[in-house]
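This report refers to the structure that appears directly beneath it.
Order of writing sets the chain letters: A, B, C and D. Residues in each chain are counted from 1.
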Amino acid sequence: MVKMDVNLGGLRMPTPVATASGTFGYGTEYVGLVDYAKLGAVTAKGIRLDPWPGNPMPRHAEVVGGLVNAIGLQGTGVEAFLSKTLPAYRTVSKVPLIANIWGGSVEEYAAVAARLGDRVEAIEMNVSCPNVKAGGHTFGQDPNVLFEVVAAVRKATARPLLVKLAPNVPSIVPYVKACEDAGADALSLINTIPAMVIDIERRVPVLANRTGGLSGRGVHPVAVKLVYDAHRATKLPILAMGGVYEAKDAIELLLAGATAVAVGTATFTDPGVVAAVHDGIVAYCERHGFASVSDLTGNLQG
Amino acid sequence: MRKNEQAKVILHEDCGPGYRLLVLDAPQVAADARPGQFVHVKVPALEASALRRPFSIFNAEDGRLEILYKAVGRGTFALNGVRPGETVEVLGPLGRGFPETCRGTPLLVGGGYGVAPLYFLARRLLQTPKLPNPQTPKLFLGGRTKTDLLALDRFAALGVEVFAATNDGSFGTKGFAVVPLDAELARLRAAGADFELFTCGPDGLLKAVSERAVSLGAPGWISVDRHMVCGVGACYACIQRTVTGNARCCVDGPVFKAEELAW
Amino acid sequence: MVKMDVNLGGLRMPTPVATASGTFGYGTEYVGLVDYAKLGAVTAKGIRLDPWPGNPMPRHAEVVGGLVNAIGLQGTGVEAFLSKTLPAYRTVSKVPLIANIWGGSVEEYAAVAARLGDRVEAIEMNVSCPNVKAGGHTFGQDPNVLFEVVAAVRKATARPLLVKLAPNVPSIVPYVKACEDAGADALSLINTIPAMVIDIERRVPVLANRTGGLSGRGVHPVAVKLVYDAHRATKLPILAMGGVYEAKDAIELLLAGATAVAVGTATFTDPGVVAAVHDGIVAYCERHGFASVSDLTGNLQG
Amino acid sequence: MRKNEQAKVILHEDCGPGYRLLVLDAPQVAADARPGQFVHVKVPALEASALRRPFSIFNAEDGRLEILYKAVGRGTFALNGVRPGETVEVLGPLGRGFPETCRGTPLLVGGGYGVAPLYFLARRLLQTPKLPNPQTPKLFLGGRTKTDLLALDRFAALGVEVFAATNDGSFGTKGFAVVPLDAELARLRAAGADFELFTCGPDGLLKAVSERAVSLGAPGWISVDRHMVCGVGACYACIQRTVTGNARCCVDGPVFKAEELAW
């Protein structure tokens, strides 16, 4: 019997396998298709204070080895989330829920977190969205801005606080430090990589938003590198995601330094990935004589 | 209940240039299938991480699931290579389909492969025992040319009257499917008869049919075709604008009421 | 007849298709396998002042959709390059040669460029290598450092000067501006994306260097996005690379804003890619009625 | 001249558990092939962007190219599925092979699939008309167990004497190939006879043979197996350390002189 539960900065996960925000709706959509008994946490789709319509269509383009999306954070506002979406989730699942939040200003982030109170098991901040007040740069782009927004949310919530970082940085270390200094409990790595697909026959970007974010199989080696770098720079636990399609991918991320992993894009093609990843981790631990999955975290030789 | 089923290919045959009929042994998915719903298909020949492709349920009968499709891109061309005996993973039935009852004459309007869900609908409408004022459906089918008019024999076998239209005039009326439709609408209105509109096809056709439903005050059931990712409402890729905001085609549709749609 | 020659910041390329540095040796290795008549430029493997042994083995790992490499810039020094490698290249090819240079200090960069004089048709600076004097950060990581090193090389050479930028930045714009201000003639985009592969059975990184750079098919949408962003920020011409495997990929990069493209990793699998890309661009221009390939640059609708 | 040739599969058969023989119709590559050289193979079943895989030329004769390989990973398992009649793209012949002349007795030392280039070498050594002191080669072949000793019949047909060794003692001497080799070396030295060493196999074997060549002052030709990317010297992925620095296995090797190698 491998001990599969992990502690992700105060969030008790029964297994180290979560779903990634934006790829699992609000947690009810895959009921009957995904084995919830194998899940350690569900991360809900991003919400802000008010409902948000998202981008025009088309919102996605398939590329070899992945997906480029510009959904544009369509989502229910926090009130509808608390009154409808969340209760609906609780009726179908006992799995801890991580709310993924975003906003156009530091104040909005804090307000959403405060409003959620203790109704969710943890809060994940998506800082890869434009800071409306600061001229459109994303919050996650500048370590100082990142510190500010994380510190504000930290004050607004007592729940375990995860910060989800963007992969397109020269070094992840200053961002990790900013999160640490601002009182985050854990890191989520990685968000999608900025990308673009052009329809050469019509000579237009395929996505209505022109650019989007790359996820899926192809980003996996990039995720492993960033988790490795982040883990060496901090004691904060890491929820790792990016191209997890099979147990091997998840185990790489754990060995690189993650405490838990999330499955995202892979579920679209195969809802069975969550269970296969879970079972594959158990089998790996048994085969290699690890009593607990947390023994894998950062456990590289030499 | 929707299922992710390993379905064995029973038959895979051409039905006109570019079109193919895929018949699967998929008892679980077929059992609950309703017209207008779709299945999300993992194309075996694509790389394992490729997205699924959605297809209307053309027919579901005796544990068999039929799909009528056109090869248009990477996924459908790859699907062409699947052989009888091989296994295809199908997730379904998905989405909200057509109602299976109708007040008055069901007028089915299809374009190209949009005919697919209309055949299954016609079958069900004819089977439903307690239809109020039961009427045999009529089909208004459009295509670029003669070979784009699919499944005519299958409709004939049901006793459905078909009004065909082709852009090049190679079969039926020359023009769009709305040409014969408008004639029928005029006739029904003159007679004061009830009818409902059911349609699937390119956006232009859907708009034309929606306009007519709304302006004539008749129920209009519009099946919208949007590129999908998850097929189950989780990703928000497959948006259709409606009067109440952005809806997801895969779970809020693919069939919408005409008056709900905002183009 | 489509006019295929382009002017890349003063470098006259007979076709818009080049080879990417590090994937085509010193230009002689693929003779007989690649159709040189279809090439507009050959970019040689990186050189510095002295010979450099590179990293220990293993130096590469195959991943789905790409390759992670840590060759570590093994290369002949500039003297051997001038006395042996370059003359050997001239005997087999009339295609313009771009030297790719790097160094451990600003002074070394300038010295290599000065030593090359006018013996090569252009110089491409690889700034994704550690700045020994400035504590190991790469030169390309900080726009100020980038400005400094580009300005120094600019003074040292009169040849067309390309600066090759790293993709892992929040925004490419400050780096583009630094190159512009420092007097670069063109940009090269993109270098590999930092990545890592772990052998889970042995629990060690596959690469002896632990981490490496991701190239190949999977990075293509990331390259398109960065070329698009860079092109909107500058008038400098762009040599674009990253996952070009077929003409479609190259045309996407041209439409996003590139003046020319380079084929890298694809050649390893299929040396015919260069010719196929060239011919495919010609066919595309004919089909769409473009008289010159330069009409494609940045030519998106709307 | 090396070529990138579209080669039709003539035969693809098992030769012991895990090992397969692939025979290709590749007249251009075969024409110039020399023993110890290799071909870089595009495995058709892998995705189009997957890297090639290098294999020694086991034999080249009458326009046919033979490869003897072991399935160890993604590429070789995928190669297993290639069927006669299908086409495989082979780039070659590549690299520097063995010399085709030998002063004294050629002693061939192989481990596992490392035997592959030695068969072609043996054939050529026997064919070379003006060998000084021509001698029939002797083969010292090691493997984990009996079924890892490949192509014994082919060597027998050439009249090559084989000294086998297996780790488990299931065939020949129990132990490594160097056990029978050392006995032969002692015999030859006692007789004052000339010999040269030619070897291919795992690094441990190569080191052992190199050491013997160097210490005995006899020519040692060592074929090194390094993972490759380009196969033509362009990428610097396939490094072997030598006394003069880092060499590329694919163009500076795969065959190196024993005294050049730095392990």
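Simple rule for what comes next: contacts are C-beta pairs under 8 Å (C-beta built on N, C-alpha and C of every residue); 3 or more make two chains touch, one makes a residue touch a chain.
The model shown is predicted, which means the values in this text are computed figures rather than measured ones.
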Any chain that touches chain D and chain A: C
Centroid comparison with chain C (C-alpha atoms), farthest chain: B
Whole-Å gap separating chain A and chain C, where each centre is the average of the chain's CA atoms: 33
Between chain D and chain B, distance of the C-alpha-averaged centres to the nearest whole Å: 61
Inter-chain centre distance, chain A versus chain B - centres from mean C-alpha coordinates, in Å: 36
Chain centre separation in whole Å, for chain C relative to chain B (CA means): 49
In chain B, residues with contacts to at least two other chains: 47, 49
In chain C, residues with contacts to at least two other chains: 64-66, 217
Touch-based graph of the chains, sorted into line, ring, star, complete or other: line
All chain pairs that touch each other: A-B, A-C, C-D
Complex contact set, residues of chain A against chain C: 63-66, 68, 137-138, 140-142, 166-171, 193-198, 200, 202-205, 210-211, 214, 217-222, 224-226, 228, 248, 251-252, 255-256, 284, 299-302
Touch list for chain B against partner chain A, complex: 1-2, 4, 42, 47-52, 89, 91, 226-227, 229-230, 232-237, 239, 245-246, 251
Chain D-facing residues of chain C, complex: 22-25, 29-30, 32-33, 45, 51, 53-54, 57-60, 62, 64-67, 69, 71, 74, 216-217, 245, 265-272
